[in-house]
Every structure is written in C-alpha cells, then in structure tokens.
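Input: structures, listed below.
Presented sequentially are two complexes of chain A, the first with chain B as partner and the second with chain C.
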Partner chain A sequence: MVYYNEMFEGESVRDPYARLSEWVRTMPEDFRQMKQAEAEALFRRIGITFAVYGEGGDPDRLIPFDMMPRVFEQSEWRRLERGIKQRARALNAFLRDVYGRGEIIRAGRIPARLVYRNAAYEKAVVGIVPPRGVYSHIIGIDLVRTAKDEFFVLEDNCRTPSGVSYMLENREIMMRMFPQLFRQSRIEPVEQYPELLRRTLESVAPAKCDSRPTCVILTPGHYNSAYYEHSFLANLMGVELVEGQDLFVDGEFVYMRTTQGPKRVDVIYRRIDDPFLDPLCFRPDSMLGVPGLMDVYRSGGVSICSAPGAGVADDKAIYTFVPEMIRFYLGEEPLLNNVQTWTLWKEEDYRHVMANLPDLVVKEVHGSGGYGMLVGPKASKEEIETFRKKIEANPSNYIAQPTLSLSTCPTFVEEGVAPRHVDLRPFCLCGDRIELVPGGLTRVALREGSLVVNSSQGGGVKDTWVLSE
Partner chain B sequence: MLSRTASNLFWMGRHLERAETAARLLDVGQRITLLPNTAAGYQSEWNSLLQASGAADQFRQKYNDLTQENIEEFIFFDRDNPSSVANCIEKARESGRIVRTALTGQVWDALNVTYQELRKIEKTPRSKLDTATLTDFTTSHTSTVRGAINATQLRNDGWHFMNTGFGLERADATARLLDVKYFVLLPRIEFVGSGLDTYQWMVILRALSAHRAFHWAYGGDITAARVADFLILNGESPRSLITSLYETVWHLDGLVRRYGENAPAGARNQARATLEALQARNIDMIFDEGLHEFLSWFIGEIGTVSNLVHQDYLLGGS
Partner chain C sequence: MKLRISHETVYCYDQPIRNLVQSLRLTPSIFEGQKTHEWLIEVPDGIKGPGFRDGAGDWIEGWTLRGPAQEVTVRITGHVETRDTAGVLRGHRELIHPLAYLRDTQATAPDEALRKLAQSTGTHNDALDLAHKLSALVSKAITFRPGVTRAQTTAAEALALGEGVCQDHAHALISLARLRDLPARYVSGYLHSTADGQPHEAAHAWAEIHVGNLGWVGFDAANGCCPDERYVRLGSGLDASDAAPIRGVAMGSGIERLAVAVRVEEEMAQ
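For the complex of A and B:
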C-alpha cells in the first residue's frame, strides 16, 4: 500500500514543510537528543501525564511527544474548518430533532431503532430544549487524510472529547523550546481556546440565570486519566473544578459548597459520563454525580454541557447517517466525507465483511480508545477467526471500514526522521456561535507501520500548525 | 473557594510540616547513635522518637528489632506508616494535584519535583543512602515548597488555609515531642534538673534545629526551664508553641477579615482564647501545673481548633 506523506509532493518538499525540512537537515544529532530530553522533563515537571485504566504500571506515564510539527496551509485549513462547522451544526440539529419531534425518523432517513433503542439515547431528555438549542457544546471530530485533498471523518465525539490540553501544551512547549521556528514561520495561535470555551459556556446559561453565569467543570476526580486536562482547563478559564461531592441541589438550583457557604452554579461543563451524573435519575450506585441534578436541569435551573444523551449522535451506527443529516437539516452537501462503512446488521454488508475480514477494520459500535477492534491486515489468522466468532454472536454490535491508507508525517525516530501515520482531532465549540481554533490534536502512531494512534496503544502527539497567509 | 479546595490546601500544609517533623526525628536519632553509649543504650532513644511520631505500636507490629535500618525504613519509606516521610510527601502532592488550580506554577513545580525526587530515592538501593541524605532531602525540599508558597501565592484565603495547616501541625509536633521526652524519659521528679537531663534536653533542641538558636537567645547552661521556655513561650523561636499558635491566629484572623464578621469564626475565637491562656503563663507556672498536664491541655486545644476549622469552612454550609 502506498501512503500519502504530507511533507512531499512527488519528490520535492511541499512549501509548508520547507522550513522544517531545512531545520531538521541542519540539526546536530546531540541537539535533538538534548531537546527531546528537555521536552520530556518539561512535560513531567508540568505534570502532564495520563493513566491507562486496567493496565497497572506507572500511574504517571508520559504521553510521548514528537517535536516535529505537523503543518497545514491556510487554504487546507479553511476547507476543513467549513466542513467541521457544517458537521457540528448538523449534529446539534439532529439531537434537537430526536429529543423533539423526530422528523428525520418520520421522513424515513434514519431507522427509528438505531435512535430510540440506542443505549446512548436518554429518555430523561426527551422534550427538553436546552438554551440556544445546543446539546453538544464541544465536538471533537476525528479526521484522517489519505491524499493531498482527501480528508475523511473517522468519528464524531459529541460527549466529552478529551485531548485539548495536549493541543495547548504541545504548542506551549514547542514555543518554549524552539522560538526561532515561530519567528520564521507565521503560525496561527491556539491559546485563545480556553477563553472561547468559557464564552461558549456562558452563552448557554439558563434563562433563570440573571447575572454573570457561574460556570464549573465537573470532574470524576484526580484518579481519572484526563484529570490533568480538567484542572488545566479550569485554571485557564478561571472557573472552579468541582467533584460531585462539591455540588448539591436545593430547590430549583444547584449549589457548590464553598468556604463562604453555598454558591449557585449556572453552567456545568461535565467531564463525567451520563450514567454517573445523577444517581436519582441514572445509575443509583454512582458516587460521582449530584442527586437531583436532572430535575434542576429539566426545569431550566442549570445547563449541562454536553447535554445528557448527546452521545446518541456520535454512535458508530449513527455515524453512517451524518451526511444524510447534513442534507436533511441544512440542505447542503457534506463538505467532509465519511469513511465508507459497512453495518453488519444489514444482510449484504454482513456477507461482504465476513468474506473480506483480512482487508477490513472492524469496530464495536460502542467501543472507543482503540479497544475491541480488529485491524484485518495486521491481524494473524487466529485473531481473525476469534474475531469472526465474536461477530457471528452479535453482528449488530459491529461496523466495518476499509483499511485506510492513513497519511504519514515526518516524525523523529531512533534513526532520525521517518514517516509515521497520523490523524487529527480539532475541537469545535458550539454556543451562541460556532468556533474553531486553527489547530487540533495530531496523534501519531510511533511504531513503524502501525495505524493505531491511540495513546493507550503506543501513540504519541505532535504540535499542529496552521500557517497564516 | 470550594470547601474541598480549602481542605486540600489545609492538609497539604499539615502533611508537608509532618514530613519535615519525621525527617527531623530521623536526624536526631542518627545523631544519638553517634554519641558514646548511654547507660540505657540508645535503643530507648529510638523508642522515644517513635513515641513522638505517635507510631511506636505500629512499629512493633511490623518490625522485630530497633535497628537503624528498620527505623529508617519505618520513618522514611514505609507506606504502612501514615506519618512516614514518603507518605506525607505523597499525600501533600496528591492534595496539591487535586487543587492545582489554587496553586501557582512554582508551588506545584516545587511540590511535584519533591515527589519525583522521592520516587528516585525509593528506587535507589538502601545501601547507597545514608540518613543525612534522607533528612537533607526532606528539609531542603519542604523548605523549597514553603519558599515558593511565600514568594508566589496570592495572599488570599487559600494561602491562609495552607498556613493554618502549617501552624497547627507545627504546634502539635513541638508539643508532642516535648511531651514524649518529658513523660517517657523523666517520669520521676528527682531526675528533673539532674545531669542526665541536660543531655536529653539537648536532644530535643537538636530535633527542632534549635540548639544554636537557643544559645543565641539565652546563653549559658542548658536547663529544663530554659529549654521549655524557649520551646513553649519564646516568641522568637520559630517552632515554639506560642509562635506557631500566634501565626495560626494571624491566618485565621485573615480568613475572618476576608469573609466578614458574619461568617463563622469559631476556630479563630478558640485559637485566640488558647493564645491568651498561653500568654498568661510563665514557665514556672507551667512547671507547677505539671509539664505533661500542660502539654495534654495544649494538644487538646489544638485538636479543638482543627475541628473548628473544619466546621467553619470545610463543610460548605450544608
């Protein structure tokens, strides 16, 4: 398989990479090692670490950072930006519809079963229209590239996409270590993200809020693998980072416990999953949530970002219908394409997939983080046969996609610089308007030949540059 | 400020101070073993130090012999000992991590580096570590954190909570150390003021890094009354009961000023009352009352203040 290398056009280096290419070429070997060690020390010092659930080992593991940035031209980025914003609008329109009249289902564009019997569909939200009709306020859209002008959406994340702290810290560390690179190239800043996020949250305060809204970030606590990100964002936004135990419901409102007594909370950016939000409404054994929160939410006393049940829009089964949503709600043609997807509950798709397992990637409908998936071309015969049995047992739990020829970016490796596969997650903010900072999180599969970029599976991160005109 | 944040800042202060106390105990124990053997042997010294850290029983359950290696393991490394240096540093760092948004970059940095260094020490073979390395590690890093706090933190309620934690813990530690030395080693009144005494008091001064300061402050012979005065009533002595409590009151006052007179002020009022009671005494009165009785009263008062801090601020008014 031939992979698109983002650095080259034919034999020659593309313009956006020209300076970097020169930078690498003239870089002394020991300088690189010194800088790599410096970067690692900085990350550890700042405390940016992540833990992988259920793997044991070092709870303060560092996510590998690659110093070679990935670069987009302004024109490339504009195209992406339009496509991402379009998708974000359609996803929110879909959520508003399925928790309302369900027009898209009545019109026969999406099967009712996939929506109403979806585990992520939240009955408790039916009939509620949150402020400005926005259900998902932070949407992470995972993109892959296969050729110079070919981008595909791999999946949407409408619940609580993580990774934005890496986007910000990668940039911070690159600017600190290589200021000359930033002086030479004109790179669009991303550091306004926390400010935009705070504005977005304030813009969806409930109608009952009559003064400047008090926003908080709700975290499951410091044992969570993304805790660093939660505290990082709270700090940059200047809002409190709360746990469930810090909040309580009294009458029509939610309050937080402070050293000066109760203080009302208007907007909750929650980083805990739906089932744990409110033990009175969802899982009764949840210790992470706030009893009575959903009652306050339903009566318009507090905004929850993203709304409970927003996950119904980013399900891998619903994903296949997003282009349809764009046509249905916006009357536009999708600017970004989906990856071709076979849904195994369809008879013909099932036959096709089962006959071609060694060439396909098969994923669980509700899986995430690179777990529970089969990468056909990389799997052994036994692995394929084991997976085949799992599919046979429950076909509707799976979707399949062709193995994409993911683009590569030059990456520092032991022997110097070599191409490694990358993807991209930009973070789209939806409030009174739709915002997107020029950049995102580029994840890179550091193992040679690997197509899996998840940090839990040996992936690393890179700074992502958008050049200004 | 969130009650939970305040609580973590308060306990961060307490655990840092507690780590320092543990390291000082280790240091003083080490010094004693270098001196010519006393009649009772230095074993009883180690024992009294364990008593001071409030964990003698726990030590006996886990270790057989009072050897230097065992004690070092127990006081510095042992995760089963809640007051070990390693545990206190980890808890302080954990509290700091939970409330990172309330700390400046420098404070977090100092705290995190302390923890990373601790992990390195834990991975070093014990044979390569001597006691001085361990105590120096602890005191220099806790000083760095404290320095960062005083140099960079906003003088806001969070700062007051941290320092209230430091102050109460320090008052408690000094009182306990005094109590153990007095109660364990000198239970019989005829020993008070005897030759054996001087040496014991020296040990206390060393444990509090105060032996030089003592001479500057008083000069002349080391006597029980002077040492006790220095560590209980001398307002210049940084670890004396009165200084620790005075600073605690100052920080609690800061909270009351900030939150307004209508907010609960139980802890401040209690701490003030205890401080006044302390100021009303001189050292003869304390000896007449009985040093042990006096210290028991004081430790009880500190416990009450600590509980009132919780009631006033850390429950969130619900």
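For the complex of A and C:
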C-alpha cells in the first residue's frame, strides 16, 4: 500500500514543509534529545496527562508529544474549513428536525427506527428548541487524509469532544521551545479558542437572561479523565468550574453557590453525560447532576451545551447518513466525504464483509478507543478467524470500512525522522455564528506501520499549523 | 362523569431537610375523554418553579422548597369531567414518535418467561386484537394482591411471583407489547372508587399501547378492562419511575415516611 506523505510531492519537499525540513536537517542530535526531554518536562509540570474522550486506559499517563509540527497551507485549510462548517450546520439541522417534526424521516431519507430507537435519543427534550436552534455547540470532527486533495470524515463527536486543551498546549509549548520557528513562518494563531468558546456559549443564553450571561463548566469531578481540560478551559475563559453540588434549582432558575451568596447561572457547558444530568429526569441514582435542572432547561431558564439528546447525531449508524443530511437540509453536495461503511445487519453488506475480512477494518458500533476492532491487513489469519466468530454471533454490533491509506507526517523517532500515520480533530464552535480556529488536534501513531492513532494504542500528539497567506 | 379529586401526599422526615426540588406530573391530560374544570396544586411554603407541556403532552410543574422543613405536603384539589372513549386517547396533542416507546428499561426488561408469554398468543394481523390478548394474559398471570411487591419490582419478578398491584400489571403488559413490536408506555392517573366494594387503589396506573390507526389505547390489565369514564389520566413514561407523578430530591439525611390520601368522588347532579 502506498501512503501519502504530507511532506513530499514526488521527491521534493512541499512548500509548507520547506522551512521545517531545513530546521530538522540542520538540527544536532543532542539538541533534539534535549528538547524532547524539555517538552516532556513541560507537559508533566502543567499536569496535562489525560486521555482523549472515551479512550479509557490510565488517565494519568502522559501522551507523547512529537515536536515535528504538521502543516497545512492556507488553501488546504480553507477547503477543510468549508467542509467542516457545512457538516456542523447539517448535524444541528438534523437534531432540530428529529426533536421536532422529523421531516427527514417522513421523507424516507433516514429510517425512523435508527433515530427513535437510538439509545441517545432523548424523548424528554422532544419539542424543546434550544436558543438559536443549536444542539451541538462544540463539534469535534475526526478526519483522515489519503491523498493531497482527499480527506475523509471518520466520525463526528457532537456531545462533549475533548482534546482541545492539547491543541492549545501543543502550540504553547512549541512557541516556548522554538520561538524562532514562529518568527520565520507566519502561522495562524489558535490561542483565541477559549475566547471564541466563551462568546459561543454567551450567544446561546436563554431568552430569560437579560444581562451579560453567566457561564459555567460543569464537571463530574477530578476523577474524570478529562478533568484537567475542564479546569484548563474554565481558567482560560474566566468562568467558574463547578460540580453538580455547587449548583441548585430555586424557583424557575439555576443558581451557583458562591461566597457572596447565590448567583444565577445562564449557560452550562456540561462535561457530564445525559443520563447523569438530573436525577428527576434521567437516572434517579445520579449524584453528579443537578436535581430539577431539566425542568429549568425545558422551560427556557438555562441553556445546556451540548443540549441533552445531541448524541443521537454522532452514532456510528447515523454517521452513514450525514451526506444525506447535507443534501436534505442544506441543498448542497458534501464537501467532505464519509468513509464507505458497510453495516453488518444488512444481508448484502454482511456477505461482502465476511468475504473480504482481510482487507477491511471492522469496528463495534458502540466501541471506541481502538479497542474491539479488527484491522484486516494487519491481522494474522488466526486473529481474523477469531474475529469472524465474534461477528457471526452478533452481526448487528459491527460496521466495516475499507482500510484507509492514512497519510503520514514526518515524526521524530529513535533513529531520527520517519513518516508516521496521522489523523486530525478540529473543533467547530456553533452559536450565533459557526467558527473554527485554524488548527486542531493531530494524533500520530508512533509505532512504525501502525494505523491506530489512539493514545491507548501507542498514539501521540503534534502541533498543527495552518500557514497564513 | 363529573369527578371531584383530592390527593394529598405528606412526606415526614426525622431530620429537617433543605433545598427540596420536585418535578410534578400531576395535572390531568387534555384529550376527548376528559375536561378539567378546576385544578389546584399546592406545596405549602414551596416556590412554584417552571411549568411547561412536554413532548408527551404532559403538564410538568417544578416546585422548590428551601427549608429547613420536617414535613412537606403536596396537595391537589380539582374537578374533572370525563367520558368513555373506549380507552382510545383521542385528541391528545403530543410530539414524541411512537417508536421511542419500544425501548425497555430495567423495570420492563423481558426475561425468558415474559418472552414465552409474549409468543404464546401466536401471530395476529390486527394489532388491537393482539393488544387485548396480551392484556388478558397479564390479568390471568398476575393476581391482584397488595403488599407483595415493591416500587422497584420488575415485570419479570412480578410475573414469577404471580401477584402484584397495578404497577406490576402495567409493567408486565408493557414488556409483552414491546416484545411484539408494539410501542407501549406506562400511564399514571386516578380511578373512581365504585360503590361495589371491589378493592382497588384510587391512585392508579395502567398501560397504553400504540395500535396503528387508532393511536394510543389504554389497557388496564389489573382490572381487565380499558380505561373509561372512571379514569383520570395524568401523564406517561417508559415505566413507573419515568411517569411518576412526583419526583423529588432534598438535601438532608432524614428518613422519609410517606402518607398518601386520595379521594376520587362522583359529583352528584344538583
């Protein structure tokens, strides 16, 4: 298989990588080792050691940072940006629709059962339209590249995607360690993200809020693997980080306990899952949420970001219909492609997949983090046969995709610099406007030949540059 | 039928509680079978919170009480005029797609016995006919007997026991209906106590099953009938907990004791 190396065009180094290539070529070996150690020390000091959403594993493990940035040209990024924003608009239109009249289902474009029987579909919010009709305010869209002009969307994350603190920290650390690189190249900044996030949250304050909105981040607490990110963002946005017990409902509103007495809260950026938000509406045994929160939300007294129920848009089965959503709601052709996906509960797809297992990637519908999946071309005959039995036992639990030839980026390894496979998670903000900072989180599979970028499977992170014009 | 309803729930705590928050689903539904003439919800010392109609058509009202309080009362008084629609929930405005009611919860999750029972009626072309058969099966399989089951008893447990109250009948019927791919839900409400001395509770619950063209139809397996003019409908959910007329949480460690008094009386024509 031939992989697209983002640094080269044929034999020659592509323009965006020209300076970096020179930088690496002239870098003394001991300087590189010193800097790598320095970067690690910086990360440890900051305490950024959490796992990316849903990956599991040791939450205190440090995710390796690779000093070699990944670079996009302005024109490349503009294309991606348009595609990501288009997708974000369609996903929110879909959520508005399925919690309203369900036109896309009536039109026969998406099967009703896939939506209404979905575990993430919340009947408690049917008919409730959140401010500005936005359900998912922060959408993390996972992308892979297979050729110079070919990108695919692997999955959408519409609930509470994490990893944005890595985007910010990777940049911060690169700027601290290599200021000359940032003088030589004109790199678009990402540091405005917290300000944009705050503006986005304020723009979806409820109608009943008549002054500058008070926003908070609601965390499940410091045992959560992304707690660092919660406190990091609260700090940079200048808002309070609260746990469920810090908030309470009184009359028609939600308040936060403060040393100066109760303060009304208008917008809650929650980093806890739907079932734990409110014991009076969802799981009665949840201690993480705020009793009565959902009644206040549903009567327009507070905004919750992302809106309860937003998860129905990012399910692996719904994913296959996102191009259809773009056509249906926006009347446009998708700018970013989906990966072709076979759903094993369909007879025809099942036959195709079972006949071609060695060439395919098979995933569990609800799995994440690179666990429970088969990468056909990398698996032994034995592994394939074991997996075949698992599929036979419960076909509807699986989807399959072709093995993508993920692009590679030059990466520092023991022997020097070598190509390693990468993906990209940009973070799209949806409020009164749709915004995207130029950059995102690049994850890199550090093991040679590995296509799995998850940190639990030996993945690392890189700074992601978008060059100015 | 003109019904006068009074419903008082008193919570007593050993230690005073603070910051009580309640979500009440305690207002009669609006549909052809009933018309509310007067309805009053009171929580003495409480602050009335948000009120809204949800996607299922239920009126939800939040109440908070700052406390400290050793006793909290929720008092309902009202007049409702009902008429028999043969169990059909006609003219009820709701937005939730029936397929959302095929999902099981812990209380309705089927076991082997429920699966067997659900299949015992064989194939049916008519959904309404099937729903009636399933309801009859539950009436037969679970004998009405108060005190043997608890609030947490599941449909599977009640069936194994062969005894239970209206909540158990409703859960079992919901479970069977969903097994046959019929959307089903739990309904809470009131039942007029007839003068014939038959034992049943005035605060009552039954199941609704969605049957094609008719839409939602009520089935009261505990009494072997469909809801008629003796029934007052409050609201619905996936199971008893989801449809609970009162859900509440308070700060405090006091043990809760509950006293409920419900009266549903017919108003005689003057």
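Here is the rule we use: the second predicted complex is superposed on the first by the 460 of 469 C-alpha atoms of A that agree within 3 Å, B and C clash if a C-alpha of one lies under 4 Å from a C-alpha of the other, contacts with A are read in each partner's own complex, and residues count from 1 in each chain.
Criterion: contacts are C-beta pairs under 8 Å (C-beta built on N, C-alpha and C of every residue); 3 or more make two chains touch, one makes a residue touch a chain.
The structure displayed is predicted, hence computed values, not measured ones.
> Pick one for A:291: touches chain B only (first), chain C only (second), both, or neither.
second
> Once the shared chain is lined up, is A:243 touching chain B (first), chain C (second), both, or neither of them?
first
> In the superposed model, does chain B or chain C contact more residues of chain A?
C
> Determine, under the contact definition given at the top, whether A:235 touches first (chain B), second (chain C), both, or neither.
first
> Check the residue A:299 against both partner chains and state whether it touches chain B (first), chain C (second), both, or neither.
Once the two structures are laid over each other on A, A:299 reaches chain C alone.
> Contacts for A:279 in the overlay, against chain B (first) and chain C (second): which applies, first, second, both or neither?
Second partner only, chain C.
> Between chain B (first) and chain C (second), which, if any, makes contact with A:337: first, second, both or neither?
neither
> Per the definitions at the top, what is the overlap between the chain A residues touching chain B and those touching chain C?
Shared contact residues on chain A: 248, 250.
> Give every residue of chain A touching chain C within the complex, in rising order.
Listed in rising order, the residues of chain A that touch chain C are 99-100, 102, 105, 112-113, 116-117, 119, 121, 123-128, 248-252, 279-281, 284, 291-292, 294-296, 298-299, 301.
> Which bits of chain C are touching chain A when the two form their complex?
19, 21-23, 47-52, 54-56, 60, 62, 64, 66, 95-97, 99-103, 238, 241, 247-249
> Can you list the residues on chain B that touch chain A in the complex?
1-6, 94, 97-98, 100-101, 108-109, 112-113, 116, 157, 161, 255, 259, 263, 313-318
> Which residues of chain A touch chain B in their complex?
For chain A paired with chain B, touching residues are 44-45, 47, 221-222, 227, 231, 234-235, 240-243, 245-246, 248, 250, 255-262.
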